[in-house]
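In this document, chain identifiers A, B, C, D and E correspond to the written order of the chains, with residue numbering beginning at 1 in each.
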Amino acid sequence: QEVNTTGLAVTEDTVKVGILHSVTGTMAISETGSVQAEKLAIEQINASGGVLGRQIEYIQEDGASDWPTFAEKSRKLLRQDNVAAVFGCWTSASRKAVLPVFEQYNGMLYYPTFYEGLEQSPNVIYTGQEATQQILAGIDWVVDAKDAKTFYLLGSDYIWPRTSNKIARKHIDKLGLKVVGEEYYPLGHTQFNSVINKIKLRKPDVIFASVVGGSNVAFYKQLKAAGIDMTEESPLVLTISVTEDEILGIGGENVEGAYASMKYFQSLPNENNQAFVKAFKERWGDDIVIGDVTQAAYLGPWLWKAAVEKAGSFDVDKVREASPGIELTTAPEGYVKIHPNHHLWSKTRIGRAKVDGQYEIVYETDELIEPDPFPEGYQ
Amino acid sequence: MNASNTDFVLAVENLTVSFDGFKAVDDLTLYVDEGEIRVIIGPNGAGKTTVLDLICGRTRSTQGSIRFRNRELTKMSESAIVQSGVGRKFQTPSVYTDLTIFENLEISYPRGRNVFGSLFFKRDETVIRKCEEVAEMILLKDQLHESAGLLSHGQKQWLEIGMLLIQDPELLMLDEPVAGMSVTERQETAKLLRRISENRSVIVIEHDMQFVAEIADKVTVLHQGKILTEGAIDKVKNDPKVIEVYLGH
Amino acid sequence: MLNVSDYRVSYGQSEIVHGLDFTVQPNEIVAVMGRNGMGKSTLMKALMGVIPESGGAATLDGKSIFGKKSHDRVNQGLAYVPQGRMIFSSMTVRENIETGLTSTGRRSVPKDLYDMFPVLLEMRNRRGGNLSGGQQQQLAIARALASNPKVLLLDEPTEGIQPSIIKEIAQTLKEIRDQRGLTIVVTEQVLSFALEVADRILVVEKGKIVHEEARSSVDAEKVASYLSV
Amino acid sequence: MFSDYSSAELMSIFAMQGFAGLTLFSVFVLMALGLAIIFGQMGVINMAHGEFMILGAYITYLTSNLFSQWIPDWYGSYFFVAMALAFLAAALLGMLVEWLMIRHLYHRPLDTLLATWGLSLILQQSYRSIFGAREVGVTMPDWMMGSYPITDLVEVPINGLFVMCLSLGITLVVAALMYRSRWGIQVRAVVQNRPMAGAVGINTQKVDRMTFALGCGIAGIAGSAFTMIGSTGPTSGQLYIVDTFLVVVFGGAASLLGTVASAFTISQAQSTMEFFLSGSMAKVLTLLFVVGILMVRPQGLFSLKVRR
Amino acid sequence: MTTTGLRSLFSRHDLLSFAVLALLLIVVFPLALDIFRLNLIGKYLTYAFVALGLVLCWGYGGVLSLGQGVFFGIGGYMMAMFLKLEASDPESTSIQSTPGIPDFMDWNQITELPWFWEPFYSFGFTLLAVLVVPTVFAYLIGVAMFKRRVSGVYFAIITQSIALILTILIIGQQGYTGGVNGITDLRTLLGWDIRSDFAKYVFYFICVALLLTCVVIAQFIRRSKFGRILVAMRDAEDRIRFSGYDVANFKVFVFCVGAAFAAIGGAMFTLQVGFMSPSFIGIVPSIEMVIFCAVGGRLSLFGAIYGALLVSWARSIFSESFPELWLFAMGALFIGVVLAFPNGLAGLYDQYARGHVAKALDRWVDQLTRSDSNRTVQGVAHERQ
């Protein structure tokens, strides 16, 4: 049977894929985990016999935190290396930069980050959550469980925080509750004393935070220093941007007590996850931590393998066709399934940060949440 | 400010400048005639250089007026003052060290002084000839295409004078032109000054009294920002006040 | 005191000073004369270590200074007043003089310097760059003397100074020489000044010594003839 | 905009914002002091300044690890040891860098910008290779964590106070060095005219090296202090560099007092505007304000008026 | 341009360099490289526009701008606005709540095209705007700064701040600008698919042609008296006023020229790469452009182009071969060039090769003139300069 009709880099016993993340520049801080997860998944797949009997070889390229470099490298991977799939990107900007390239050359991108939604490409499988999946359940939970009435929205000044806060605001409005402040700081901002003062004055029940990068560290350290004790829960912090990876930089003592709304935490007790964490630590060292995005990145190669095997071919068109409905029962986060809109069905969980940098899971949605990248009524 | 018309080329009236309260030039009034070589002498720190700075717009006056051919200079920009016909040589020689001597002269050539003029400036025969002529005068003809940075102190002095000549100003101001020059060159300079003053006015600051005697039509002695005396060289030389503060016994 | 033999200095490829030999006795004042561009300043700068020497030997008080860093030469007892003054223009007059104290370890400006140049005392808190040309020249001399040198190199020290002070400087230099046992090498254009201070006159031409004479035997005409070719 | 708040609240706002402004001020001063020496005094445009700070931060991280592993009883005092080590490490690196590259570039100051940019790339990648691409968390000793409540709204963070004292202390030390010691005069002389400074007996090489090392050392201390308020990662240094240059330049490069005044102006402008506008707009307006003032005073707030 | 015109503009040697560059760009690269690599070269060449402007501003005029990214970005953004409008016709945006406006506006609840986007429906206007807007912006900055005699590092830091301000604004106003993602997914130009290989060839050659034109313009400026005034200004800014020149005007002019060049580069970048984002405006790219210029040689127009090509190419190659270590190589390259070759690659060339080349050239021209002795050699006066 012909498994490769489109000239991809597939031989009798190997198949080439690409890994495209920033390992240098400012984004390397975040993307390192994804690279590790993708490599681990590929190695595991190879150890278990590969894909359609072929060993996966990866070509790694550095996006260097620079969007045209991402575009350039993706073009190289697709045109010169003819890879069968690419696992990569982290920021929306990098994804937007490579998207036309993937569409033009009909490549397949597995994109791991939780992101703002508003996108659905036939050439991308989104293995992280889109914004509504992550946010709505989180807000519902603080309202139900913590009786929150007022919210202060705070984020870095770019598209994901702005879109997330927009969704949050709509949802809060719908619930008849109140947003008492909304504010954005430039990426890389390190001084949050003024906004902390405002928070103190307006006394919101919840600080809904989507600060990213180095700013994140500054924000939590200064919040803590200013005497806002998150362990006392008033105001409580609900973040959508702080994974275990970030806590590493912030320091557990500075975020202790904050709540995070995501689909995955390293501390998930299920068996899949325990095996995953063990394998990850064996491969990358004992003191490593695993965050939401890292897990989502880990899903990429497995989802691709499943789709290829279902299609019986590496051809991108066939893989795409086979993708909707693919499910993974072995996913560390539990069970996932690809929606026809190329996003994943997933549960949303609320974790509470502990001083050791891990999250204690305090809540989990009963059902898988349907991905809805263009949410009606939230735009 | 009295704006009466004068026949003088340069009329400086009631000029005052103070630096943080220190009056470097104090209520100075000075007139320079057509075709005259005026020498200003005076002790170190008397304010001579400052007067030139004021005339050419490098320092802004606190008070008073400077009129050049009945145009008020105090409000004009440096380049406008130069364009109106005032040329100046500095006390420490300053030339463009990254350019050749030829280019130094060419830059001073009074044509193409605005952006577009300079873009479409043509180095035609007149320009080349004029530059070579001046280079000859200042004894730098052989080094015409060498970088000006390589010149010795005295040669730079000459070059700067050359740059002024080619600029063809109506009022020429020289701040210690022969400092650092050897005897022969001093004499050459004196001759040169006499020659070029025929159709323009010259103000010279100098401490070398021999040189002053050679060139001066009239000497002004400045002391603490004020005029001490003014007159012919012989009179000034023998003035006891001048001997006291300046010449020494 | 200062001994220079077969001394050569070049800028890149072009040699400016071609194998100079001369000796300056302790307590002697030597004037180096010559027309513009003949290499006087180049010689001074090289002796001070400001530009590199390319050959020969130079000793100060019997110890070689050849190839050493400027500040080592100062420590050995050399001081320098450059042509064009080169004072530190954004520092005050006092600070300028204090830079000269580095090699001596003294902290405050010796009073006799101010006595020598009273203007400087008056203007001690003014920025060096704001002084008039002649005042700067006096400052440069004071700064050099502050290091208490054995040999003082003066490059056209009278440039821009008023006649009365020139006379005083000549006087003062001789006084210092007598008081402190200073040795002085001075380049000069003004013949009268040279004749007044110097014990001996050297004339350089194109980087070579072409004439040498003690003051006692010198007449102005003759030197002048060397200077005007 | 004031009508939203009661008068008691307004009082607290001003108190709190005043304090926030002061913290920001000390942060700026701390960032800028090292650069004020290296750039302001020596004229070296050190684009790797941020990386020197981060070196201090990493040293602090290592020290805290060592303390918690070997002498946990002494953990409370590790920070002082860390700061000393950070100073030493950054100063030593500074000396090395001066010797290897900066000393060849004094006569081409703008080129130092390029070379140090290259250096910053190398340092960033070194940090990444040594400490990993992820940020590291530095744990503060407990005594530094809390805050003094003054009223129920106004609380004074202890680490903020600490940073203030630190920057005050270092400013005084630097000022004393620059204006009260022999060394300051020598530095300024060397910067103005290197050959001439040699010719009056100053060991220019030594002065250069020490000065550069001191500037870097202070950056190291700053980095160490910033572990309290910011992130420590390979590229964290980049977060500070623009602000730092802005502070030094705005003050008038050669003047230490200018640096302090400029840090004060910028921090107050920013923290005031931040309260009434959004963070991004406040930043934009602050920058515009600085650009505007520089237009009026082209040499910075405190420029020396010297005759040209 | 006539040959004599060219001759008067270029010395014999420069003419040779120009010919070599043209040959390399027009013949060698297109023949030797596949379209993927050629497109990369085309992208690098867009940086060369900026570097070229910097040679004039910085190398000759001593005006160091750390904000050239601003002009590159504005040029690029305006081209991107045109392309985006074309890509957002009502048909292809029918799933939006407001069809016919760019997608990112729709996501930000903007229901009507902002007024300043309207003119960008016109290609003519866009081309004009690409040149004029950045130039006018540079003019305003230049007049404000240079008339007040802001110079040196102060100017550099101010331009850097302007770059930062603009970046923050663009990122913050995402409804109008596309925010941090920039303006992406550009497809056609006047109905013609800009993503096809053929289009990439065409753009490459347009880019080369424009670049060579800019070289000629820059060379004209450099060889005119204006060029010498720039050098004099860099040497002794205070002095040149007393030769009767208004320094500010000259600085404003070169700054504007630099800005216009950068803007052309930016527009070509958008066309060749297919998107524009605020990351080209910021501080880092602006500094990198200065580095291109320095590596090539800040006093050499050709050097700057080779510098831009070489550094970008080195980065692509290093980062392909050593994805985790290439920064060491880049850093070392910058330091090495600055320390060892103060005048960049061009300095290296001048030191070691120029003499030989000039001699060979002389011999060759000698032979030519001997074989064709009634032809007179023109421009001898210029050879001396």
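Keep this in mind: a residue touches a chain if its C-beta (ideal position, glycine included) is under 8 Å from a C-beta of that chain, and two chains touch if they have at least 3 such contacts.
This one's a predicted model, so the numbers in the text were calculated from it and none came from an experiment.
Trainee: Could you name all chains that are in contact with chain A and with chain E at the same time?
Mentor: Intersection of chain A and chain E contact lists gives D.
Trainee: So, comparing C-alpha centroids, which chain is the farthest one from chain D?
Mentor: Chain centre farthest from chain D's centre: B.
Trainee: Ranking chain pairs by how many C-beta pairs touch, which one is first?
Mentor: A-D
Trainee: Compute the distance, rounded to whole Å, between the mean C-alpha positions of chain D and chain E.
Mentor: 34
Trainee: At what distance in angstrom does the C-alpha mean of chain B lie from that of chain A?
Mentor: 74
Trainee: When the centre of a chain is set as the mean of its C-alpha atoms, what distance in Å lies between chain C and chain D?
Mentor: Inter-chain centre distance comes to 44 Å.
Trainee: Any chance you could list the residues of chain C touching two or more other chains?
Mentor: Only 130 qualify.
Trainee: Give me the residue numbers in chain A that touch at least two other chains, ranges are fine.
Mentor: In chain A, 23-24, 157, 184, 186 touch at least two other chains.
Trainee: Of all the residues in chain D, which ones touch at least 2 other chains?
Mentor: Answer for chain D, listing residues that touch two or more other chains: 124-125, 280, 283, 307-308.
Trainee: Which chain D residues qualify as touching chain E in the complex?
Mentor: Listed in rising order, the residues are 45, 47, 101, 104-105, 108, 110-111, 113-115, 117-122, 124-126, 129, 242, 245-246, 249, 253, 280-281, 283-284, 287-288, 290-291, 294-296, 298-300, 308.
Trainee: What part of chain E is in contact with chain A in the complex they form?
Mentor: Against chain A, the touching part of chain E is residues 36, 39-40, 43, 95, 97, 103, 107, 109, 168, 171-172, 174, 179-182, 184-187, 195, 273-275, 277, 279-280, 316, 319-320, 323-324, 326-327.
Trainee: Flag every residue of chain B that touches chain C in the complex, lowest number first.
Mentor: 19, 42-49, 91-92, 150-155, 158, 176, 179-185, 207-209, 245-249
Trainee: Over in the complex, which chain C residues touch chain B? Could you list them?
Mentor: 11, 34-38, 41, 83-85, 119, 130-135, 137-138, 156, 159-168, 189-191, 224, 227-229
Trainee: Okay, in this complex, where on chain E does chain D touch?
Mentor: 58, 64, 144-145, 148-151, 153-154, 157-158, 160-162, 164-165, 168-169, 171-172, 238, 283, 287, 290-291, 294, 324-325, 327-328, 330-335, 337-339, 342
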